[in-house]
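Pasting the structures here.
Both complexes shown next keep chain A, but they swap its partner, so chain B is in the first and chain C is in the second.
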Partner chain A sequence: MFWKKFLHNPIGMIGVVVITLNILMAAFAPVLATHNPLTINVAQQSEEPSAQHWFGTDEFGRDIYSRVIYGSRISLYISLFSVLVATFLGVAIGATSGYYGGWMDNLIMRVMDAIMSFPAILLAIGILAVLGPNLSNVVLALGIVYTPRFARIVRGSVLSLKEKEFVEASKAIGNGDAYIIFRHILPNCTAPLIVQATASLAYAILAESMLSFLGLGAPPPAPSWGNILSDARNFMMDNAMMTVFPGLAITLAVLGFNLVGDALRDVLDPRLK
Partner chain B sequence: MSLKTILKVEDLTKYFVVGRSLFNSGEVVKAVDGVSFSLMQGETLSLVGESGCGKSTTGRLVLRLIPPTRGTVIYQGQDIAKLPADKMRKLRSDMQIIFQDPWSSLNPRMTVKEIIGEGLRRQPELSRAQRKKMVLEMMETVGLRPEHYDRHPHEFSGGQRQRLGVARALIMRPKLVVADEPLSALDVSVQAQVVNLLARLKRDLGLSYLFISHDLAIVEHISDRIAVMYLGKLMELASKRQLFAQPRHPYTQALFSAAPTTEVGREKNRIILSGDVPSPLNPPKGCRFHTRCPLAQEDCGQLEPEFKLLAPGHWVACHHPLND
Partner chain C sequence: MLKFVLKRIIYLIPTLVLVAALVFLLIHMIPGDPAAVILGPDATAEDVASVRQALGLDRPLYEQFVVWLGNLAHGDFGVSIHSKRPVIDSIGERFPVTLCLTTLALIFALVVALPSGVLAAVYHNTNKDYLFMIGTILGVSVPGFWLGLMALLVFSVNLGWFPSTGFVAMWEEFWEGLRYMILPAITLGLFMAAVVARMVRSSMLEVLRLEYVTHARAKGLSEWKVITKHALKNAFAPTLTTIGIQYGMLLGGAVVTETVFSLPGLGKYLVVSIYMRDYPVVQGCILFIALVYVFINTIVDLLYGYFDPRVQYS
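Moving on, here comes the complex of A and B:
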């Protein structure tokens, strides 16, 4: 039912294709890359795209095509894991808060509101400034930044689900809270969670690029789309092509996740069934 | 029918606080206010009343699905309102509930096997094969076919779903079943099937029912005794025969006169009550029914009538009962 609907959604399928290509690109980076992304070649600095360097070279003579290919690894890694962290924290916080209610719920949700009131990037920069910029801290920072969205969604679903009679029936049978939450409540809030997760993947790719652009993401010389773009920025006047390709990669990946997210929303929204 | 009391409810009360915020202490909804009754073993006691009178809340309080504000629920000599949580969980299998809405009472993601078998999870001594056998037996008891074993709730009709709910409750081998309007979401033809199923199961398994309903025809069919509820309080409690032959409370009389009858030529004197049920937020002073009672006198608005015994087994809360 779900798959049939989803497969008939052309926009979603485009998104799936784009994402799949992205994942393949990351998985087969060593095969696809024509050069070592880290090899510096002083003789070929800032070249225009050519047969040898398809996307041209950067100011150190590194092959931009290979750097963009390898960059997909870091971008996907960070977006995937930061969304996983956010989902995990958000589900735990939202479910506890919504299920038990009371002043705890109030307190937790106000904290979530406080986190949400900061612009995402600013907060991530703040957290990274405290923790220090490295790959796992970027994951953690973005994870924390996106947690409130998940917590809110889960809490909302839990609030309505915990009043359902099948939850009361389970209580009447003698089941405990943990069993009820894991068996009856969480499985029924997966739909909005999936939608939120796909949308967040897109945001996270963008956020990672921005952080790298600002020098807080993946530490150089490792390539990520953000820092390739950041490096290229200095040479935009001489060699505009340097900025085009990493920018395009970011755009495509974000577009892919957004298309899938929109399609999932359409398919999973019960009001449209 | 043996006369052993299985359940004794005294002064059961539930107040809900609504609209409480930081700057507002909120208002109190007196959903159930001092309800007392007892249930004999093997008996069906019906709880009737209009929507919002607190009958479903009473059912949930009896099972301690929600904690009472005040009062005692004595099940086989133990006050379960004060029982610690772990002891309560052991007692839970003894008392089960069947819900009104067969659509929201079954988890849409579980299969029949999981829904009915859920209660067996807490009996680790059972083997997988034993569990399956018990589930299949229970399915047969409630009239579901073995091929339904792996299906999901959305593949069933309302009546079948309600049978599923019954099976889930009865596999626990309960002694007391609270049936919270189990028929009101079903078609009339299906209602008959489920009513007969409930009656048969009661006979075969020796169950006691607290049957919550607003459908007087069904109540007349299934009950031994009937309690009439209005705005969180019991108005009258008597055997079915006594109550239908001679209602003593004006509200009972009005309620019964509003029920359609199938008897030809039986002239009915319909009593039309004026106005709406007052809000339980601010129930009327004195007798809760006095604002709509056709026979209200001055004292009705002042003093709350006691719930007292008028005749053997016939309890009424009224200052001026009928046929007195």
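Moving on, here comes the complex of A and C:
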């Protein structure tokens, strides 16, 4: 039922195609790239696009096309793992908080509110300023920042579900708390979780590019899209094309997840149609 | 009403303390000895000891927190390691730039979002509506800072319509200052414009179905009046909450926008301070921006009742 609806949603399908292309680009980066993304070539600095260098070269003579292709790896890696971290933490925190209730619930949710009191990117910047910029710290920072959104969704579902009769019945036959949470409660909140996760993937790609642009993401010379733009910024006057392509790559990647996110919301949550 | 406002403000206190605690804990997340990290590898043992003492790092954690919180309550955000100036003074100098930028971005977002969202709802499921949906989904997908770079390239460097370097404050020379702000504000506000426009569209769609709108039409009111006076006022309440939440996106995005356009605001100050490992400034800036965000969302909550009187002030 769900899949049938989703497959008939043209917006979602366009999104799926865009995401698939992005994943293929990351998986087959060595095949698709025409040059090594890290090789410095002093003889070919800041060149315009040509037959040899499709997107031109940067100030170190590195091939921008190959760097953009490899950049999809970093962007997908960060977005996927940060959303996984956020989902895992969010589900664990939200389920515990909602199921057991009481003062612990109160305290946990106040902390979640406090995290959400920061503009998301700002808190990530703060965490990275302290931990230092590298890939796993970016995953951790974005994971922490997005956790409360997942925790709130799960807690909300748990609160409404735990009073239901089937949970009561499961308790009565002697099932443990963990069993009830995993078997009866969590399966009932997957729909909003999937919608949130897709939206978060789009945000995470944007956030990663912003963080790298500020020098807080993957450390240079890693070819992340934000890094390429940050390099391009200093040589924009000489080589404008250097700025165009990484930005387009980010836009497409984010667009793919946003399209799928929209389609999922339409299919899973008819109220919002 | 007064009781509601007071209650809302009292409710704010635990949130503020927790926000402060998180920012306080940030600096203690530095791997190893914060004092040694701040000073870098060339520091002598005495230097490290003196910084440790200056930051109060030699005392127990809870004591440090209480002292820090007490100082905050007096408006003392610490002292910059680099400039030796009180952090709050530097924030005070730079925040007006950020406030100008985010306010202009907000104005831009609303000017674009309200009419387009309403029109999309009125023309629901027509080509105009589809065009609107395509526009908004692009709006939330394009990275604003990249758009900023492109705008800088096209409108400042190539066409020369806007200055590409330097800065003039709007409060000193309004029109000249505005020229420096237009591109940053538009590229920063675009994301919010798209999010708010979609919210306006969906809340308008919900409201336009209701019977009181049909009733207003049946009374013979003009379509313009039905939409602006009857429908929009009710559709605006959920939109307002979105605006409050999205203001955080503006404050966070301002950090990157200010870096792209070299605006001397709080965001750029934060980034520069991170590079210099000036942690008291990093702490101060992040805390200050979070406080502004909390404050704005409290105001939004209070305004909510005006647009949706069903919210009881009790």
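Keep this in mind: the second predicted complex is superposed on the first by the 269 of 273 C-alpha atoms of A that agree within 3 Å, B and C clash if a C-alpha of one lies under 4 Å from a C-alpha of the other, contacts with A are read in each partner's own complex, and residues count from 1 in each chain.
Methods note: a residue touches a chain if its C-beta (ideal position, glycine included) is under 8 Å from a C-beta of that chain, and two chains touch if they have at least 3 such contacts.
Because the structure is a prediction, the values reported are computed rather than measured.
Colleague: If we overlay the two complexes on their shared chain A, which of chain B and chain C does A:188 touch? Say first, second, both or neither.
Modeller: first
Colleague: Tell me which touches more residues of chain A here: chain C or chain B.
Modeller: On the superposition, C touches more of the residues of chain A.
Colleague: Check the residue A:8 against both partner chains and state whether it touches chain B (first), chain C (second), both, or neither.
Modeller: In the superposition, A:8 touches no partner, neither chain B nor chain C.
Colleague: For A:164 in the superposed arrangement: first (chain B), second (chain C), both or neither?
Modeller: In the superposition, A:164 contacts chain B only.
Colleague: Under the stated touch criterion, which partner chain does A:172 make contact with: chain B (first), chain C (second), both, or neither?
Modeller: first
Colleague: Can you give me the overlap between the chain B contact set and the chain C contact set on chain A?
Modeller: Of chain A, no residue contacts chain B in one complex and chain C in the other.
Colleague: In the complex formed with chain A, which residues of chain C make contact?
Modeller: 14-15, 18-19, 21-23, 26-27, 29-31, 137-138, 140-143, 145-147, 149-150, 152-153, 157, 202, 248-249, 251-253, 255-256, 259-260, 270-271, 274-275, 279, 282, 286, 289-290, 293-294, 297
Colleague: For the complex, which residues does chain B have touching chain A?
Modeller: Its residues touching chain A are 60, 63, 65, 89-90, 92-93, 95-97, 99-101, 104-109, 118-119, 121-122, 165, 168-169, 172.
Colleague: Along chain A, where are the residues that touch chain B in the complex?
Modeller: Within the complex, chain A contacts chain B at residues 164-166, 168-176, 183-184, 187-188.
Colleague: Once bound in the complex, which stretches of chain A touch chain C?
Modeller: 110-111, 113-115, 117-123, 125-127, 129-132, 202, 206, 209-210, 213-216, 229, 232-233, 236-237, 240, 243-244, 246-247, 250-251, 254-255, 258-259, 262, 272
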